[in-house]
Amino acid sequence: MNAILPWAIDFALLCFTLAMGCALLRLLRGPTAQDRVLAVDTLYFSGMLTVLTLGIDFRSMIYFDIALLMALFGFVSSTAMAKFLLRGEVIEP
Amino acid sequence: MKQQPLLAVLGVFLTVMWLLLNDSLSVGQLALGALCAALISFAVARLRPLRARPRRLHLAIGLLFQVGLDIIRSNLAVGRLILSTSHRSPHSAFIQIPLELRDPHGLAILSLIVTATPGTVWSGHDADHNVLTLHVLDLQDEAIWVHTIKQRYERPLMEIFE
Amino acid sequence: MNAASVPLWAALPAALLLVCGGLITLIGALGLLRFDAFYARLHAPTMGTTLGAGCVLLASILVFSALAQRPVLHEVLITVCLLITSPITTMLLMRAALLRRQG
């Protein structure tokens, strides 16, 4: 009965990997630039969830800090790219 | 003098964040967090030309629960739409909603709520006429959406911020 | 893997939450592929960033609280951070798409 948690962790990791695959396909195929930015955002986000799940798997709290940093960097990078699409420059004078 | 309560709210929020980040409740961390929070909230007060005056904060708790419930509900709806086998594409459209809420902080929170709920994205706001443009993924009845946004979210936000 | 085992009262709901979170994130990413208009695609990943992330973070809180025998709540920080930041990206992308369509 106690094998249910490792099984669930494996299942969740599989789901996140498939989600990253979908986002990668959209990144390669996306007709417009904003599609690609959206795909990168989804990739970053699925990566963050993967790191969190691995943290549960290894019973280590260090993964929490990595996940927090990934969430922040994902936000900064995709916002910078979206802003570039919107205005043509990231930091306005 | 009117700004004092808000500074306290920001300070308490930052202290709680600090304690969560360090994952401890020791006296040393509490003191350090409170010191940092006080310094940051005084520094930030100079950067904000505009101040929110939230009142009746107890209404915010009810709003938070409502938003959580709606997020779960609309997640299910959008999931069903994605997994539906029929190959019709969803009837997505932009709708215009005239708003009465004027406070910029209230509008900012309304935009976060609307966008965080799957199925609707805030896609523009006309400041002159105070009209919100909303993109809805699967539009069936426009009047229901207008009614939902106005009754469920705008009313409590107006009571909190105005 | 660490030998420390999670008690059943935490393992069962955590497993359920992990499965739910994984499925919801996967469905959101599938929507990214399935819809044919960009405006429709923009809605799909929101599923993952709200309920999917919420499930995984709740599972993480449960497991670590059970292991440490005290409430470990710091995953709440990621939830707050995601709830504030992910709508901003979505709104910026929506406005960029509207602008680029006109231009």
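So that you can tell them apart, the chains are marked A, B and C in the order they are listed, and the count of residues begins at 1 in each.
Here, a contact is a pair of C-beta atoms (placed from the backbone, for glycine too) under 8 Å apart; a residue touches a chain by one contact, two chains touch by 3 or more.
If you're wondering where the values come from, they're calculated on a predicted model, not measured in any experiment.
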item: Pair exhibiting more inter-chain C-beta contacts, B-C or A-C; value: A-C
item: Closest chain to the centre of mass proxy, which here is the mean CA position; value: C
item: Between chain A and chain B, centroid-to-centroid distance (C-alpha), Å; value: 23
item: Gap in Å, rounded to a whole number, between the CA centres of chain C and chain B; value: 18
item: Cα-centroid distance, chain A relative to chain C, in whole angstrom; value: 10
item: Residues of chain B whose C-beta touches two or more other chains; value: 23
item: Multi-chain contact residues (two or more partners), chain C; value: 28, 30, 42, 49, 72, 74, 77, 86, 95
item: Residues within chain A bordering two or more other chains; value: 61
item: Chain C - residues contacting chain B, complex; value: 24, 27-28, 30-31, 34-37, 39-40, 42-44, 46-47, 49-51, 72-74, 76-77, 80, 83-84, 86-87, 90-91, 94-95, 98
item: Complex contact set, residues of chain A against chain C; value: 1-2, 4-9, 11-16, 18-20, 22-23, 25-26, 32-35, 37-39, 41-42, 45-46, 48-49, 52-53, 55-61, 64, 67-68, 71-72, 75, 78-79, 82-83, 85-86
item: Chain B - residues contacting chain C, complex; value: 17, 20-21, 23, 71-72, 75, 78-79, 81-83, 89-90, 92, 111-112, 115-124, 135, 137
item: Residues of chain C touching chain A in the complex; value: 1-2, 4-6, 8, 11-12, 14-16, 18-19, 21-23, 25-26, 28-30, 32-33, 38, 41-42, 45, 48-49, 52-53, 56-57, 59-60, 63-64, 67, 72, 74-75, 77-78, 81-82, 85-86, 88-89, 92-93, 95-97, 99-100
